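Next up, some structures in C-alpha cells.
Each of the two complexes below includes chain A, the first together with chain B, the second together with chain C.
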Partner chain A sequence: MTVFTVALKYLQGRFVASALTAFSIALGVSLVIASFLLTRGIKDGFIEGTTDYSLVVGAKGSPTQLVLNVLFRMDVATPNILYITYAQLQDDARVEVAVPVALGDAYQGLRYVATTDAYFAAFPWRRKSFTLAVGRFFRDDAPEQPTYEAVLGAATARRTGLRVGDQFYEGEEMAEYPLTVVGILRPTQSADDRAIFLSLASFWGMNEIARKMEVKPLTAVLVRPKRMSDLPSLHREFNIVAETQAVFPSVVLLNIFNLLGLAEEVLTMILGIVAIVVLLYLFVSMYSATLERKREIATMRALGARRTTILSIVLLESCAITAIGGIVGLLGGHGVAYFGAYILAARGGLVTHPFLISALQPLVLGSVILLGTLAGLLPAVLAYRTEVAENLAPFS
Partner chain B sequence: MACVPLGLLAYGEEIPRLTFAQLVDSIKAELELTQKIKSYNGKEVEIQGFIIPAGPPDLSFFLLSRVSAMGNYCCEVPVGQDETVYVFTAKGVKIFYDPLRVYKVRGVFEAGMHSDKAYGVSLFRVRQAHVEEAVGAKIFKVGESTTPAANQ
Partner chain C sequence: MTHARLAVTLHGVKKSFPLGNGSNLEVLNIGQLALPAGSYTVLKGPSGSGKTTLLNLIAGVAVPTAGTIRVYDTEIFALPEPQRDRFRAQHIGYVFQTFNLLAAFSALENVMLAMLFTHAIPKRQQRQRAGELLSRLGLSMRLSHKPQHLSRGEQQRVAIARALANNPPLILADEPCASLDANTAREVLAAFLSVCREERKTLCIVSHDATVLDAADQILDMTDINRAGNRHNVT
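Up next, the complex of A and B:
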C-alpha cells in the first residue's frame, strides 16, 4: 500500500468532513476568482467600450454624467446644447472631425442615438469599426425632410426581434412617427450594441419641442483634433464659457478606475480574511482528524511505517483536499463571473472577457494548494511525533 | 534605498532630466530644433509634467504638459506643442491618476516633427515610457533654471 492509497483511504474514511472542508475552500476560491474576474471585466469593458474621440463637448454639469450617458448610455442625458456649438467646432481649423450626438427617449429601454454618418466612418486613427450585418445605414436627411430610418445595434436587434423593414414606436404620441429599420450593425463590444441609431432630422422630427426650435438641440459633440497638442486649448475654450463643458473621456474613466481600485483594495482585505478563515477551518479539520487517528498511526508505526511516511500521508491528505477545493472553486468562480457579467450586461453595464485566463488562475490555485498544505503541516508534525507505546496502550 | 533615483538603480548612471523650459528653448524658426536637444534622440530621459489623458484610459498614450488640464486653467493658459510631449507607454501603467499631480516619465526621447497614424503630428515624444508620481516636483517654466546638474 503506497502513501497515496493510504491518504486516499483516509479521505474516503472521513468523506463528509473532507467534502465539507473541500467545499469551504471551493467557496473561498470562487469568491476570489469571481471578484477579480468581474472587477477586471468591468474595467476592460470601459476601456474597450470607450470612444476614439478625444474630447466630448456637452452642456455644463457633471463630466461623469456626460461621458456615461453619451458614450456608455448610462445615467440620464445631460441638458441640451445648441447646434451652433457643433457648427463652431466643425469650422474650427484645429478640429479634424466633429460628430454631433443627440440622445433622447428609448424603445424597450434601448436608447435612441441621433447622429450623422461620421459616427460610423472609418478613420485611420479609429480602433473601433462599424460594419453592417444586414441592410444599410440611414440617410443623412435634411431637417425638413426626416425619413425616420433606424439602424439597430446587434444587441438591440437580438432583444427586440426587429428586422430590416420592420416599423416600431413606443407610446401613443409616437405612433405618428414610426421608425423603419434599414440596417443592423455587427457587434462592436460597446454600448453601441444596445443603441438605436437614427438621423438628427428624424430625431428632431419625433420631438415636439425640437420640431418648433429654429436652432436645433444636441446632447454633445465628439471631437477629434488635427493635433493632439491643440486639445488643451479646445478643452479650455469650451469650459470657460457658461453654456458648455469639454471633457476628456479618459479623465472620467480614470477617476472611475481610481474608485474601482479603492473598492478592489477593500475587497482584497475581505478576501484575505475569508482565506484565513478557510485555512483555519482546514487546520482544525486536519488537526482533529490526526487526534482521532493517533491509535491508527501508532499501529502503522508499530508495523514498520517510518515517521516521514506518516508525515507525508497527512500532508498529502491536506494537499488533496485543497487541490480538489481549489479546482472546484476555479470552475465555480468562472461560473459566478459569467452570471455576474450576464446580469450586468442586462442592466446596461459592460463586462468583457469574464473568462480571460491569465496569471490569476494558476496563482490562486498554486497559493491555495501551498497554503492548504502548510495548514496541514502542524497536524502532520503531530502525527510524525506520535509515540507508539503511548498510543497503543489499552484504553482501560 | 528609497531615496535613490530609479534611474540609478536600473542603469547604473543617472538618466538626464529634460525640462519644458529646455524644450521651448530648443525650438528655432520653422520648428527646427537645436542640435543639443537632438542629441538626446534615442536616449533614455526623464521629463516631469502633468498628464493629459488624450488617448485611451489604459494610458498607453497621453500628453505630458507643463500645465494641468484641470481647474479651467485658472492660473495659466494651456500650452501648445512646444510644451507638450507625446508619451507612448510601456505596457501596464499602474498609477492613481490625479490631474493636479506631477508625474515623472522615463523613456526613449525623440525630438523632431513626426506624424503618427493614430495621434497625428508631434514635435517631442517619449516612447516605451514608465510613469510614476514625482514627489515634491517642480515644473520649470521658460526663464527659470533647474539645478546645475539637471541643466547639463
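Up next, the complex of A and C:
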C-alpha cells in the first residue's frame, strides 16, 4: 500500500461524488479544447482556402459575401457577371492567370462549380494541388457542344457513392441533362472536396436561363497578376465600374478574423468563468470530503501518519481526480471538435483539422492538473492541520 | 525499578484547556506514573476523570501543558513532531472505543494502512502479516470485507489487528469493548488479551469490565492519580 493507493481508495470510496467532480472537469476541459481546436481550425481553413489567388472579381455587393460564396461555397449566391469580364482579364497583360468560376445549384447539397482546366493547373505559387484519385478531368468543351462531364471532389464521391461512369442529376427538370462522372479528385482539405466540377459549357447547357443568353454568365473570376505591384491598379479598375467589384481575399479574411477575434474574446471570458466554476466545484467537493473525514484523518495521524503524509494524500486525490477529468475532457473535446468540424464542413464547406496535436493538449492537461491540485491545496492544508485528539471522539 | 524496565513514565504531567474567558481548565495533573514493560495496566475512573486524555498524552497525539512523558526511555515531546509520529507508528498501537476503521478500506487494507506510516514491516511482508493477524483474531474469512459489512465485534477485532500491525511494544486501548454487547465484548477481550500476553506487549487499557480488571497486573484509579482541581467537564 502506498500514499497514492490510499488517495485512490478514497476516490473509490466516494465514487459518485468523485465521478461527478471528474465529469464536471471533463466537461470544462472538453469545452476549452473543442473551442480552441474549432477556432484554430476555422482560421486555418480560411487561410488555406484563400491564399492561392490575389484577387476575386465578381458582381457588385458585399466583398465578404463574394469571397465566402466563391471560395468557400458559403453564404448566399452573389449576382452574376458577364463572360466578357473574364475575357477582358485574360487579355490583360498584367494578368498571369484568370480562372472563371460559375456556381450553380447543388446535388445532394454539394455545389456545382463550373470552371476551366486552369482551376486545377499546378502553378509554382500554388499551395493547393489537384490530383486525380481515379479517372480524368472533364473536357474543356465548346459552348455549343457540352459534354456534361463531371469531376467529383473526394468528399462528394464518398458522400454520394458515385463512381466513374455513373450518371446523376437532381430534380425531374434536370433529367435531360445528366452529368457523367469522369474523375474523382484526391482530398485537398478544402471546400473543393465537397464540390462537383464541370465545364462552363456543360453548366450553361444545364441552365435554362444561361442557354438563352448570348453572353454567358459567370459568378466570378479568380485572378493572379504577373507582378504584385499591378494588384492595386487591377483592383481599382474593376471597382470603379458599376457592374463589378474586385476583392482582395486577404483583406476579407482579415475582416473575418477580426470578427472571429471578438467572438474569441467573449469565448475566452466564458471559458474563464467555466474554469472558475469547475475549480470551485472541485474545491467544495474536496473541502467537504476533508471535513467529513476529519476523524479518519485523526485516526491515521494516531496510527503514525505525518502531517505531510495526510497533505500528500489529499493533494494526490485532487491531482488524480483532475487528471482523470482532464484526460476524459481531452478525448471528449476532440470528439466535440470532430463533430463540430463535420457540421462546419457539411453546412459551410469549411474544412478543419480537429485532431492536430500541438502544444495545446499537454498545456491544457498540465494546467488542469496544476489548477486542480491548487484547488485541493486548502482542503489539504485543512487536513494537514487536523488536531488528532479533538477529532478522535467520542469523549470518555 | 530502573528506567530500562519501564515502558512508560510520567513526571509532573499536566494538561489544561484554554477557556474562552482567558483562564485555563486543568483536566489532568499527575505527579508520577510508571507502567512496567510487559505489564498489563487497567485505568478506571468515572466519566470525565481524564482517562482518554492520559492515553492521548502517552500516545503523543495530545501535548501536555507541563511535565515529561517517556516511552521506552524516549522523551516523546522532546522529539520534533514528524519524528514523534514515526515513533508512535513504531512503538505504540492504539485501539479506540469506536474502532475508527476507515470506511473505504477492506479489513485487510485497514490493517495494512498502519504499516504505511513506518518501515517496521517490509513492504513484501505487509499483506501476509495483516492476513495472519486477522486470522489469529478469527477473521480469516473477512479479509476483503469493508467495515460496514462486518459486525461490531468483527470491526473491533480489525481495530485490534491494526494496533498490532507494526508489532509495537506498547498497546493503548480506550474502552475497546464499551460499544459491544456483553458476550461479544468477552470474546473480543479474550482474543485481545491473549494476543498481547503471547507477544509480551505492555498493555494499558481503559476499562471497567470485571474480566479485564481481574487479569490486570495493576489497576490505576484516575480519582487517585489525577490531582487536577476541576476535572468534571472535560477529559
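In this section, the second predicted complex is superposed on the first by the 387 of 396 C-alpha atoms of A that agree within 3 Å, B and C clash if a C-alpha of one lies under 4 Å from a C-alpha of the other, contacts with A are read in each partner's own complex, and residues count from 1 in each chain.
Here is the rule we go by: a contact is a pair of C-beta atoms (placed from the backbone, for glycine too) under 8 Å apart; a residue touches a chain by one contact, two chains touch by 3 or more.
The shown structure was predicted, so the numbers you read here are calculated from the model rather than taken from an experiment.
Bringing the complexes onto one copy of chain A puts chain B beside chain C with no clash. Of the two partner chains placed by superposition, only chain B is touched by A:G261; chain C is not. In the superposed model, A:N239 lies in contact with chain B only, and not with chain C.
Of the two partner chains, chain C is the only one touched by A:G304; chain B is not. Using the contact criterion defined above for the overlaid structures, shared-chain residue A:E296 touches chain C, although it does not reach chain B.
In the superposed model, the vertex angle chain B-chain A-chain C (Cα centres) comes to 110 degrees (nearest 10). Of the two partner chains placed by the overlay, only chain B lies in contact with A:P124; chain C stays clear of it. When the shared chain is aligned, chain B comes close enough to touch A:I47, but chain C does not. Contact with neither chain B nor chain C is seen for A:I270 once the two complexes are overlaid on the shared chain.
Superposed on chain A, the gap between chain B and chain C at their nearest CA atoms measures out to 49 angstrom in whole units. Shared contact residues of chain A with chain B and chain C: none.
Interface residues of chain A, counted against chain B in their complex, comprise 46-47, 50, 54, 96, 124-125, 225-233, 235-236, 239-240, 248-251, 253-255, 257-258, 261. Contacts from chain B toward chain A in the complex involve residues 52-59, 62-63, 65, 67, 69-70, 72-73, 77-81, 84, 86, 96-97, 99, 117-123. Here chain A touches chain C in the complex through residues 1-3, 6, 9-10, 12-14, 295-296, 298-309, 388-389, 392-396, going by the rule given at the top. Across the interface of their complex, chain A is touched by residues 47, 51-53, 56, 59, 61-62, 81-82, 85-86, 88-90, 94, 96-98, 100, 102-105, 109, 112-118, 126, 162, 166, 174-175, 206, 234-235 of chain C.
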